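Dumping the structure here so I can ask a few things about it.
Chain lettering (A, B, C and D) follows the sequence in which the chains are written, and residue indices restart at 1 in each chain.
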Amino acid sequence: MPKKILLKWLQEKDITIPGALLTQYKAMNLKEEEVVLILHLISISDKGNDFPTPFELAEVMTYSAEDCAGMLRRLIQKGLITINEGYSEEGIRFEKYCLDNFWEKLADTFLIADKRNEAKENQQDEI
Amino acid sequence: MPKKILLKWLQEKDITIPGALLTQYKAMNLKEEEVVLILHLISISDKGNDFPTPFELAEVMTYSAEDCAGMLRRLIQKGLITINEGYSEEGIRFEKYCLDNFWEKLADTFLIADKRNEAKENQQDEI
Amino acid sequence: MPKKILLKWLQEKDITIPGALLTQYKAMNLKEEEVVLILHLISISDKGNDFPTPFELAEVMTYSAEDCAGMLRRLIQKGLITINEGYSEEGIRFEKYCLDNFWEKLADTFLIADKRNEAKENQQDEI
Amino acid sequence: MPKKILLKWLQEKDITIPGALLTQYKAMNLKEEEVVLILHLISISDKGNDFPTPFELAEVMTYSAEDCAGMLRRLIQKGLITINEGYSEEGIRFEKYCLDNFWEKLADTFLIADKRNEAKENQQDEI
(Lines give C-alpha, C1' and ligand atoms only; values in the text may rest on other atoms or scores of the structure.)
Protein backbone atom coordinates (compact mmCIF):
# COMPACT_ATOMS: atom_id res chain seq x y z
CA MET A 1 0.00 0.00 0.00
CA PRO A 2 2.72 2.58 0.84
CA LYS A 3 4.44 1.47 -2.36
CA LYS A 4 1.32 2.15 -4.40
CA ILE A 5 1.22 5.65 -2.95
CA LEU A 6 4.86 6.31 -3.79
CA LEU A 7 4.28 5.16 -7.36
CA LYS A 8 1.24 7.43 -7.67
CA TRP A 9 3.28 10.34 -6.33
CA LEU A 10 5.92 9.60 -8.97
CA GLN A 11 3.27 9.45 -11.70
CA GLU A 12 2.38 13.07 -10.94
CA LYS A 13 5.84 13.86 -12.33
CA ASP A 14 7.96 16.65 -10.91
CA ILE A 15 8.48 19.73 -12.95
CA THR A 16 11.62 21.80 -12.86
CA ILE A 17 11.58 25.53 -13.37
CA PRO A 18 14.61 27.73 -13.95
CA GLY A 19 15.23 30.09 -11.04
CA ALA A 20 15.30 32.86 -13.65
CA LEU A 21 11.57 32.37 -14.24
CA LEU A 22 10.86 33.39 -10.65
CA THR A 23 13.11 36.45 -10.78
CA GLN A 24 11.99 37.61 -14.24
CA TYR A 25 8.24 36.99 -14.63
CA LYS A 26 7.42 40.38 -13.15
CA ALA A 27 9.60 42.12 -15.75
CA MET A 28 7.82 40.00 -18.38
CA ASN A 29 4.53 41.61 -17.23
CA LEU A 30 3.16 38.31 -16.05
CA LYS A 31 0.90 37.96 -13.03
CA GLU A 32 1.40 35.11 -10.55
CA GLU A 33 -1.72 33.27 -11.76
CA GLU A 34 -0.40 33.39 -15.34
CA VAL A 35 2.89 31.86 -14.20
CA VAL A 36 0.96 29.06 -12.48
CA LEU A 37 -1.19 28.54 -15.58
CA ILE A 38 2.02 28.09 -17.59
CA LEU A 39 3.30 25.60 -15.00
CA HIS A 40 0.02 23.70 -15.44
CA LEU A 41 0.50 23.67 -19.23
CA ILE A 42 4.01 22.24 -18.76
CA SER A 43 2.89 19.65 -16.23
CA ILE A 44 -0.23 18.55 -18.13
CA SER A 45 1.83 18.28 -21.33
CA ASP A 46 4.38 16.08 -19.50
CA LYS A 47 1.51 13.78 -18.66
CA GLY A 48 0.58 13.54 -22.36
CA ASN A 49 -2.04 16.24 -22.98
CA ASP A 50 -0.68 19.09 -25.12
CA PHE A 51 -3.92 21.00 -25.50
CA PRO A 52 -5.87 21.15 -22.22
CA THR A 53 -9.23 22.90 -22.38
CA PRO A 54 -10.12 25.86 -20.12
CA PHE A 55 -12.36 23.39 -18.24
CA GLU A 56 -9.45 21.07 -17.54
CA LEU A 57 -7.38 24.03 -16.34
CA ALA A 58 -10.23 25.29 -14.16
CA GLU A 59 -10.33 21.91 -12.41
CA VAL A 60 -6.84 22.45 -11.01
CA MET A 61 -6.90 26.25 -10.69
CA THR A 62 -8.88 28.54 -8.40
CA TYR A 63 -10.30 30.30 -11.49
CA SER A 64 -13.36 29.54 -13.58
CA ALA A 65 -13.09 28.03 -17.06
CA GLU A 66 -14.02 31.46 -18.41
CA ASP A 67 -11.18 33.09 -16.47
CA CYS A 68 -8.75 30.42 -17.67
CA ALA A 69 -9.87 30.98 -21.27
CA GLY A 70 -9.28 34.72 -20.76
CA MET A 71 -5.77 34.17 -19.40
CA LEU A 72 -4.90 31.84 -22.28
CA ARG A 73 -6.19 34.46 -24.74
CA ARG A 74 -4.07 37.21 -23.20
CA LEU A 75 -0.95 35.04 -23.21
CA ILE A 76 -1.58 34.23 -26.87
CA GLN A 77 -2.16 37.91 -27.70
CA LYS A 78 1.13 38.79 -26.01
CA GLY A 79 2.77 36.18 -28.24
CA LEU A 80 4.03 34.08 -25.32
CA ILE A 81 1.93 31.06 -26.15
CA THR A 82 1.30 29.92 -29.70
CA ILE A 83 -1.04 27.24 -30.96
CA ASN A 84 0.67 24.85 -33.32
CA GLU A 85 -1.62 23.11 -35.76
CA GLY A 86 -0.82 20.08 -37.80
CA TYR A 87 -2.12 16.94 -39.35
CA SER A 88 -1.11 13.53 -38.04
CA GLU A 89 -0.13 10.82 -40.53
CA GLU A 90 -3.68 9.54 -40.37
CA GLY A 91 -4.94 12.94 -41.51
CA ILE A 92 -6.31 13.94 -38.14
CA ARG A 93 -5.85 17.63 -37.34
CA PHE A 94 -4.35 18.34 -33.94
CA GLU A 95 -3.56 21.47 -31.98
CA LYS A 96 -1.04 21.94 -29.21
CA TYR A 97 0.11 24.82 -27.06
CA CYS A 98 3.70 25.77 -27.76
CA LEU A 99 5.83 27.63 -25.20
CA ASP A 100 8.91 28.31 -27.35
CA ASN A 101 8.20 32.04 -27.45
CA PHE A 102 7.74 32.09 -23.71
CA TRP A 103 11.21 30.59 -23.11
CA GLU A 104 12.68 32.95 -25.66
CA LYS A 105 11.11 35.97 -23.95
CA LEU A 106 12.42 34.68 -20.61
CA ALA A 107 15.95 34.42 -22.02
CA ASP A 108 15.61 37.95 -23.47
CA THR A 109 14.40 39.39 -20.19
CA PHE A 110 17.15 37.65 -18.27
CA LEU A 111 19.82 39.06 -20.61
CA ILE A 112 18.40 42.59 -20.39
CA ALA A 113 18.32 42.41 -16.58
CA ASP A 114 21.88 41.14 -16.60
CA LYS A 115 23.10 44.02 -18.78
CA ARG A 116 21.35 46.55 -16.56
CA ASN A 117 22.99 45.03 -13.49
CA GLU A 118 26.40 45.15 -15.11
CA ALA A 119 25.91 48.79 -16.11
CA LYS A 120 24.96 49.61 -12.53
CA GLU A 121 27.99 47.82 -11.14
CA ASN A 122 30.29 49.63 -13.56
CA GLN A 123 28.81 52.98 -12.57
CA GLN A 124 29.40 52.19 -8.93
CA ASP A 125 32.97 51.17 -9.65
CA GLU A 126 33.60 54.54 -11.25
CA ILE A 127 32.35 56.54 -8.25
CA MET B 1 30.67 36.24 -22.72
CA PRO B 2 28.13 33.50 -23.58
CA LYS B 3 29.84 31.40 -20.91
CA LYS B 4 29.38 34.10 -18.28
CA ILE B 5 25.68 34.22 -19.12
CA LEU B 6 25.31 30.46 -18.81
CA LEU B 7 27.01 30.53 -15.42
CA LYS B 8 24.72 33.33 -14.25
CA TRP B 9 21.72 31.36 -15.44
CA LEU B 10 22.97 28.38 -13.42
CA GLN B 11 23.45 30.55 -10.34
CA GLU B 12 19.73 31.31 -10.36
CA LYS B 13 19.33 27.62 -9.49
CA ASP B 14 16.47 25.56 -10.80
CA ILE B 15 13.74 24.57 -8.43
CA THR B 16 11.80 21.35 -8.68
CA ILE B 17 8.18 21.13 -7.68
CA PRO B 18 6.27 17.89 -7.19
CA GLY B 19 3.48 17.48 -9.73
CA ALA B 20 1.20 16.82 -6.76
CA LEU B 21 1.63 20.45 -5.65
CA LEU B 22 0.01 21.63 -8.88
CA THR B 23 -2.89 19.19 -8.65
CA GLN B 24 -3.52 19.68 -4.89
CA TYR B 25 -2.98 23.35 -4.01
CA LYS B 26 -6.61 24.17 -4.78
CA ALA B 27 -7.79 21.49 -2.33
CA MET B 28 -5.32 22.99 0.18
CA ASN B 29 -7.24 26.28 -0.14
CA LEU B 30 -4.25 28.05 -1.60
CA LYS B 31 -4.49 30.78 -4.20
CA GLU B 32 -2.09 30.85 -7.15
CA GLU B 33 -0.21 33.86 -5.74
CA GLU B 34 0.33 32.00 -2.45
CA VAL B 35 1.78 29.04 -4.36
CA VAL B 36 4.17 31.40 -6.14
CA LEU B 37 5.11 33.07 -2.84
CA ILE B 38 6.01 29.64 -1.47
CA LEU B 39 8.09 28.93 -4.60
CA HIS B 40 9.90 32.24 -3.93
CA LEU B 41 10.58 31.19 -0.32
CA ILE B 42 12.06 27.89 -1.58
CA SER B 43 14.13 29.57 -4.27
CA ILE B 44 15.41 32.40 -2.08
CA SER B 45 16.27 29.90 0.66
CA ASP B 46 18.22 27.81 -1.89
CA LYS B 47 20.28 30.93 -2.60
CA GLY B 48 21.06 31.28 1.12
CA ASN B 49 18.40 33.59 2.59
CA ASP B 50 16.00 31.72 4.89
CA PHE B 51 14.06 34.74 6.09
CA PRO B 52 13.29 37.17 3.24
CA THR B 53 11.45 40.33 4.22
CA PRO B 54 8.15 41.34 2.62
CA PHE B 55 10.17 44.01 0.78
CA GLU B 56 12.47 41.40 -0.74
CA LEU B 57 9.44 39.35 -1.79
CA ALA B 58 7.71 42.43 -3.25
CA GLU B 59 10.77 43.02 -5.46
CA VAL B 60 10.13 39.76 -7.32
CA MET B 61 6.34 39.62 -7.02
CA THR B 62 3.62 41.77 -8.58
CA TYR B 63 2.34 42.57 -5.06
CA SER B 64 3.30 45.32 -2.64
CA ALA B 65 5.37 44.61 0.47
CA GLU B 66 2.19 45.11 2.48
CA ASP B 67 0.37 42.49 0.39
CA CYS B 68 3.29 40.07 0.74
CA ALA B 69 3.30 40.59 4.51
CA GLY B 70 -0.45 39.84 4.51
CA MET B 71 0.01 36.63 2.51
CA LEU B 72 2.81 35.47 4.81
CA ARG B 73 0.62 36.20 7.83
CA ARG B 74 -2.28 34.16 6.43
CA LEU B 75 -0.01 31.22 5.58
CA ILE B 76 1.37 31.34 9.12
CA GLN B 77 -2.14 31.51 10.60
CA LYS B 78 -3.15 28.48 8.54
CA GLY B 79 -0.15 26.70 10.04
CA LEU B 80 1.47 26.04 6.65
CA ILE B 81 4.52 28.20 7.34
CA THR B 82 6.18 28.33 10.72
CA ILE B 83 8.95 30.61 11.89
CA ASN B 84 11.76 28.72 13.54
CA GLU B 85 13.81 30.72 16.02
CA GLY B 86 17.17 29.78 17.38
CA TYR B 87 20.49 31.02 18.65
CA SER B 88 23.65 30.47 16.66
CA GLU B 89 26.75 29.26 18.48
CA GLU B 90 27.86 32.87 18.71
CA GLY B 91 24.67 33.69 20.59
CA ILE B 92 23.06 35.53 17.69
CA ARG B 93 19.32 34.97 17.42
CA PHE B 94 18.08 33.99 13.96
CA GLU B 95 14.71 33.33 12.42
CA LYS B 96 13.87 31.24 9.38
CA TYR B 97 10.73 30.26 7.55
CA CYS B 98 10.06 26.54 7.79
CA LEU B 99 7.88 24.71 5.25
CA ASP B 100 7.70 21.30 6.94
CA ASN B 101 3.99 21.72 7.75
CA PHE B 102 3.31 22.75 4.18
CA TRP B 103 4.84 19.54 2.79
CA GLU B 104 2.99 17.52 5.40
CA LYS B 105 -0.32 19.14 4.45
CA LEU B 106 0.45 18.45 0.78
CA ALA B 107 1.08 14.78 1.53
CA ASP B 108 -2.17 14.65 3.55
CA THR B 109 -4.18 16.25 0.78
CA PHE B 110 -2.66 13.95 -1.83
CA LEU B 111 -3.56 10.87 0.23
CA ILE B 112 -7.14 12.07 0.80
CA ALA B 113 -7.59 12.75 -2.93
CA ASP B 114 -6.18 9.31 -3.68
CA LYS B 115 -8.61 7.60 -1.31
CA ARG B 116 -11.53 9.48 -2.80
CA ASN B 117 -10.47 8.46 -6.31
CA GLU B 118 -10.19 4.81 -5.27
CA ALA B 119 -13.65 4.90 -3.65
CA LYS B 120 -15.06 6.37 -6.87
CA GLU B 121 -13.39 3.70 -9.01
CA ASN B 122 -14.69 0.93 -6.76
CA GLN B 123 -18.21 2.34 -6.99
CA GLN B 124 -17.98 2.38 -10.76
CA ASP B 125 -16.71 -1.20 -10.78
CA GLU B 126 -19.77 -2.30 -8.86
CA ILE B 127 -22.21 -0.74 -11.30
CA MET C 1 24.05 35.18 -29.67
CA PRO C 2 24.01 34.70 -25.87
CA LYS C 3 20.25 34.24 -26.18
CA LYS C 4 20.69 31.51 -28.75
CA ILE C 5 23.01 29.72 -26.37
CA LEU C 6 20.56 29.97 -23.48
CA LEU C 7 17.81 28.54 -25.65
CA LYS C 8 20.03 25.67 -26.75
CA TRP C 9 20.89 24.97 -23.11
CA LEU C 10 17.16 24.88 -22.32
CA GLN C 11 16.52 22.51 -25.23
CA GLU C 12 18.81 19.97 -23.57
CA LYS C 13 16.09 19.77 -20.92
CA ASP C 14 16.92 19.25 -17.27
CA ILE C 15 16.15 15.94 -15.71
CA THR C 16 15.15 15.51 -12.09
CA ILE C 17 16.07 12.45 -10.12
CA PRO C 18 14.65 11.49 -6.74
CA GLY C 19 17.28 11.64 -4.00
CA ALA C 20 16.22 8.10 -3.14
CA LEU C 21 17.68 6.86 -6.42
CA LEU C 22 21.15 7.96 -5.28
CA THR C 23 20.83 6.36 -1.84
CA GLN C 24 19.23 3.11 -3.06
CA TYR C 25 20.81 2.10 -6.38
CA LYS C 26 23.54 0.16 -4.59
CA ALA C 27 20.92 -1.91 -2.72
CA MET C 28 19.22 -2.45 -6.10
CA ASN C 29 22.47 -4.09 -7.28
CA LEU C 30 23.04 -1.41 -9.88
CA LYS C 31 26.48 -0.18 -10.91
CA GLU C 32 27.09 3.55 -11.42
CA GLU C 33 27.31 3.14 -15.22
CA GLU C 34 23.91 1.43 -15.24
CA VAL C 35 22.42 4.34 -13.28
CA VAL C 36 23.85 6.75 -15.85
CA LEU C 37 22.53 4.62 -18.72
CA ILE C 38 19.07 4.87 -17.15
CA LEU C 39 19.47 8.66 -16.84
CA HIS C 40 20.34 8.69 -20.56
CA LEU C 41 17.19 6.68 -21.36
CA ILE C 42 15.08 9.20 -19.39
CA SER C 43 16.76 12.22 -20.98
CA ILE C 44 16.69 10.87 -24.55
CA SER C 45 13.04 9.92 -24.09
CA ASP C 46 12.26 13.47 -22.88
CA LYS C 47 13.72 14.67 -26.17
CA GLY C 48 11.35 12.39 -28.10
CA ASN C 49 13.26 9.14 -28.72
CA ASP C 50 11.86 6.26 -26.67
CA PHE C 51 14.02 3.54 -28.15
CA PRO C 52 17.64 4.67 -28.55
CA THR C 53 20.00 2.16 -30.11
CA PRO C 54 23.19 0.97 -28.39
CA PHE C 55 25.03 3.13 -30.95
CA GLU C 56 23.15 6.25 -29.88
CA LEU C 57 23.91 5.45 -26.24
CA ALA C 58 27.58 4.82 -27.01
CA GLU C 59 27.81 8.31 -28.52
CA VAL C 60 27.10 9.89 -25.14
CA MET C 61 28.65 7.24 -22.90
CA THR C 62 32.26 6.19 -22.38
CA TYR C 63 31.33 2.63 -23.34
CA SER C 64 31.21 0.94 -26.75
CA ALA C 65 27.90 0.15 -28.44
CA GLU C 66 28.57 -3.50 -27.60
CA ASP C 67 29.00 -2.65 -23.90
CA CYS C 68 25.82 -0.54 -23.96
CA ALA C 69 23.91 -3.42 -25.57
CA GLY C 70 25.22 -5.70 -22.81
CA MET C 71 24.11 -3.30 -20.06
CA LEU C 72 20.65 -2.97 -21.62
CA ARG C 73 20.41 -6.76 -21.83
CA ARG C 74 21.31 -7.21 -18.16
CA LEU C 75 18.80 -4.55 -17.06
CA ILE C 76 16.12 -6.28 -19.12
CA GLN C 77 17.06 -9.70 -17.67
CA LYS C 78 16.80 -8.24 -14.16
CA GLY C 79 13.31 -7.05 -15.10
CA LEU C 80 14.11 -3.38 -14.47
CA ILE C 81 13.63 -2.33 -18.09
CA THR C 82 10.92 -3.76 -20.28
CA ILE C 83 10.37 -3.30 -23.99
CA ASN C 84 6.83 -2.31 -24.80
CA GLU C 85 5.68 -3.22 -28.29
CA GLY C 86 2.67 -1.88 -30.08
CA TYR C 87 1.18 -0.89 -33.39
CA SER C 88 0.49 2.75 -34.21
CA GLU C 89 -2.83 3.69 -35.79
CA GLU C 90 -1.16 3.53 -39.17
CA GLY C 91 -0.20 -0.07 -38.47
CA ILE C 92 3.46 0.64 -37.90
CA ARG C 93 5.02 -1.49 -35.18
CA PHE C 94 6.99 0.45 -32.58
CA GLU C 95 9.08 -0.46 -29.56
CA LYS C 96 9.92 1.65 -26.54
CA TYR C 97 11.86 1.16 -23.35
CA CYS C 98 9.63 1.27 -20.29
CA LEU C 99 11.00 2.08 -16.83
CA ASP C 100 7.88 1.37 -14.74
CA ASN C 101 9.44 -1.71 -13.14
CA PHE C 102 12.56 0.27 -12.33
CA TRP C 103 10.57 2.91 -10.40
CA GLU C 104 8.61 0.16 -8.68
CA LYS C 105 11.80 -1.60 -7.60
CA LEU C 106 13.17 1.74 -6.36
CA ALA C 107 10.03 2.30 -4.26
CA ASP C 108 10.33 -1.27 -2.90
CA THR C 109 13.97 -0.84 -1.99
CA PHE C 110 13.30 2.50 -0.35
CA LEU C 111 10.52 1.00 1.78
CA ILE C 112 12.66 -1.97 2.83
CA ALA C 113 15.53 0.34 3.80
CA ASP C 114 13.09 2.48 5.75
CA LYS C 115 11.75 -0.52 7.69
CA ARG C 116 15.25 -1.68 8.52
CA ASN C 117 16.15 1.79 9.78
CA GLU C 118 13.06 1.92 11.97
CA ALA C 119 13.80 -1.52 13.41
CA LYS C 120 17.33 -0.36 14.23
CA GLU C 121 16.07 2.79 15.90
CA ASN C 122 13.57 0.84 17.97
CA GLN C 123 16.30 -1.56 19.09
CA GLN C 124 18.47 1.36 20.16
CA ASP C 125 15.56 2.89 22.04
CA GLU C 126 15.17 -0.33 24.03
CA ILE C 127 18.79 -0.46 25.10
CA MET D 1 1.91 5.51 7.75
CA PRO D 2 1.77 6.19 3.97
CA LYS D 3 2.11 9.88 4.84
CA LYS D 4 5.25 9.24 6.87
CA ILE D 5 6.72 7.42 3.88
CA LEU D 6 5.90 10.28 1.50
CA LEU D 7 7.55 12.75 3.86
CA LYS D 8 10.66 10.59 4.10
CA TRP D 9 10.77 10.34 0.32
CA LEU D 10 10.58 14.14 0.14
CA GLN D 11 13.37 14.48 2.70
CA GLU D 12 15.68 12.66 0.31
CA LYS D 13 15.34 15.77 -1.87
CA ASP D 14 15.27 15.55 -5.62
CA ILE D 15 18.24 16.76 -7.55
CA THR D 16 18.03 18.32 -10.96
CA ILE D 17 20.75 17.89 -13.53
CA PRO D 18 21.07 19.91 -16.72
CA GLY D 19 20.60 17.79 -19.82
CA ALA D 20 23.90 19.22 -21.03
CA LEU D 21 25.73 17.34 -18.28
CA LEU D 22 24.59 14.03 -19.80
CA THR D 23 25.57 15.00 -23.33
CA GLN D 24 28.93 16.59 -22.38
CA TYR D 25 30.53 14.57 -19.58
CA LYS D 26 32.24 12.29 -22.09
CA ALA D 27 33.86 15.30 -23.80
CA MET D 28 34.91 16.49 -20.32
CA ASN D 29 36.84 13.21 -19.96
CA LEU D 30 34.68 12.06 -17.10
CA LYS D 31 33.75 8.44 -16.48
CA GLU D 32 30.18 7.50 -15.49
CA GLU D 33 31.22 6.72 -11.91
CA GLU D 34 32.79 10.18 -11.60
CA VAL D 35 29.53 11.77 -12.78
CA VAL D 36 27.64 9.79 -10.15
CA LEU D 37 30.17 10.77 -7.48
CA ILE D 38 29.54 14.42 -8.38
CA LEU D 39 25.77 13.84 -8.15
CA HIS D 40 26.37 12.38 -4.68
CA LEU D 41 28.37 15.49 -3.68
CA ILE D 42 25.47 17.71 -4.85
CA SER D 43 22.84 15.60 -3.12
CA ILE D 44 24.75 15.19 0.16
CA SER D 45 25.48 18.93 0.19
CA ASP D 46 21.75 19.66 -0.31
CA LYS D 47 21.14 17.62 2.82
CA GLY D 48 23.61 19.78 4.75
CA ASN D 49 27.00 18.03 4.52
CA ASP D 50 29.46 19.93 2.30
CA PHE D 51 32.47 17.74 2.96
CA PRO D 52 31.55 14.04 2.91
CA THR D 53 34.41 11.63 3.66
CA PRO D 54 35.40 8.85 1.26
CA PHE D 55 33.78 6.48 3.79
CA GLU D 56 30.46 8.30 3.55
CA LEU D 57 30.66 8.18 -0.25
CA ALA D 58 31.57 4.48 -0.20
CA GLU D 59 28.38 3.78 1.77
CA VAL D 60 26.23 4.91 -1.15
CA MET D 61 28.53 3.91 -4.01
CA THR D 62 29.60 0.51 -5.29
CA TYR D 63 33.25 1.52 -4.75
CA SER D 64 35.47 1.21 -1.69
CA ALA D 65 36.41 4.25 0.41
CA GLU D 66 39.88 3.97 -1.11
CA ASP D 67 38.46 4.06 -4.63
CA CYS D 68 36.26 7.07 -3.72
CA ALA D 69 39.27 8.88 -2.28
CA GLY D 70 41.13 8.18 -5.54
CA MET D 71 38.27 9.53 -7.67
CA LEU D 72 38.04 12.68 -5.52
CA ARG D 73 41.81 13.14 -5.85
CA ARG D 74 41.69 12.86 -9.65
CA LEU D 75 38.77 15.31 -9.89
CA ILE D 76 40.72 17.76 -7.71
CA GLN D 77 43.87 17.28 -9.81
CA LYS D 78 41.87 18.00 -12.96
CA GLY D 79 40.68 21.20 -11.28
CA LEU D 80 37.01 20.27 -11.45
CA ILE D 81 36.55 20.09 -7.68
CA THR D 82 38.23 22.52 -5.32
CA ILE D 83 38.35 22.43 -1.55
CA ASN D 84 37.38 25.74 -0.03
CA GLU D 85 38.79 26.37 3.41
CA GLY D 86 37.62 28.97 5.86
CA TYR D 87 37.18 29.86 9.45
CA SER D 88 33.71 30.20 10.95
CA GLU D 89 32.96 33.17 13.19
CA GLU D 90 33.74 30.99 16.15
CA GLY D 91 37.21 30.40 14.75
CA ILE D 92 36.53 26.83 13.71
CA ARG D 93 38.25 25.83 10.47
CA PHE D 94 35.95 24.18 7.94
CA GLU D 95 36.43 22.65 4.52
CA LYS D 96 33.88 22.17 1.78
CA TYR D 97 33.92 20.78 -1.72
CA CYS D 98 33.24 23.44 -4.31
CA LEU D 99 31.92 22.58 -7.80
CA ASP D 100 32.14 26.05 -9.39
CA ASN D 101 34.97 24.95 -11.70
CA PHE D 102 32.99 21.88 -12.70
CA TRP D 103 30.00 23.97 -13.83
CA GLU D 104 32.35 26.36 -15.61
CA LYS D 105 34.02 23.50 -17.46
CA LEU D 106 30.58 22.13 -18.39
CA ALA D 107 29.55 25.51 -19.82
CA ASP D 108 32.86 25.68 -21.74
CA THR D 109 32.43 22.20 -23.17
CA PHE D 110 28.84 22.89 -24.14
CA LEU D 111 29.87 26.07 -25.98
CA ILE D 112 32.71 24.32 -27.82
CA ALA D 113 30.37 21.50 -28.89
CA ASP D 114 27.84 24.07 -30.04
CA LYS D 115 30.43 25.91 -32.18
CA ARG D 116 31.58 22.66 -33.73
CA ASN D 117 28.00 21.73 -34.56
CA GLU D 118 27.38 25.11 -36.17
CA ALA D 119 30.56 24.84 -38.24
CA LYS D 120 29.45 21.40 -39.43
CA GLU D 121 26.00 22.68 -40.37
CA ASN D 122 27.49 25.58 -42.29
CA GLN D 123 29.78 23.22 -44.20
CA GLN D 124 26.84 21.06 -45.14
CA ASP D 125 24.89 24.12 -46.27
CA GLU D 126 27.73 25.01 -48.63
CA ILE D 127 27.82 21.61 -50.30
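In this text, contacts are C-beta pairs under 8 Å (C-beta built on N, C-alpha and C of every residue); 3 or more make two chains touch, one makes a residue touch a chain.
Since the structure is predicted, the reported quantities are computational estimates derived from the model, not experimental observations.
**Q** Any chains in contact with both chain B and chain C?
**A** A chain counts here if it touches both chain B and chain C, which gives A, D.
**Q** Weigh A-C against C-D on C-beta contact pairs and write down the one with more.
**A** The comparison resolves to C-D.
**Q** Just send me the rotation angle from a CA overlay of chain A on chain B, rounded to the nearest 5 degrees.
**A** 180
**Q** Averaging only over C-alpha atoms, locate the centres of chain C and chain D and give their separation in whole Å.
**A** From the centre of chain C to the centre of chain D is 18 Å.
**Q** Between chain A and chain C, what is the gap in Å from one C-alpha centre to the other?
**A** Spacing between the chain centres: roughly 27 Å.
**Q** Would you pick out the residues of chain D that each touch at least 2 other chains?
**A** Counting only residues that touch two or more other chains, chain D contributes 2, 5-6, 9, 14, 16, 18, 110-111.
**Q** Viewed as a graph of touching chains, is the assembly arranged as a line, ring, star, complete set, or other?
**A** Basically all the chains touch each other, so complete.
**Q** Can you check the complex and tell me which residues of chain C touch chain A?
**A** Going through chain C, the ones touching chain A are 2-3, 6-7, 10, 14, 16, 18, 89-90, 103-104, 107-108, 110-111.
**Q** For a test of understanding, state which residues of chain C touch chain D in their complex under the given definition.
**A** 5, 8-9, 11-20, 22-23, 26, 30-33, 35-37, 39-40, 43, 46-47, 60-63, 110-111, 114
**Q** What part of chain C is in contact with chain B in the complex they form?
**A** Touch list, chain C to chain B: 1-2, 5-6, 9, 14, 16.
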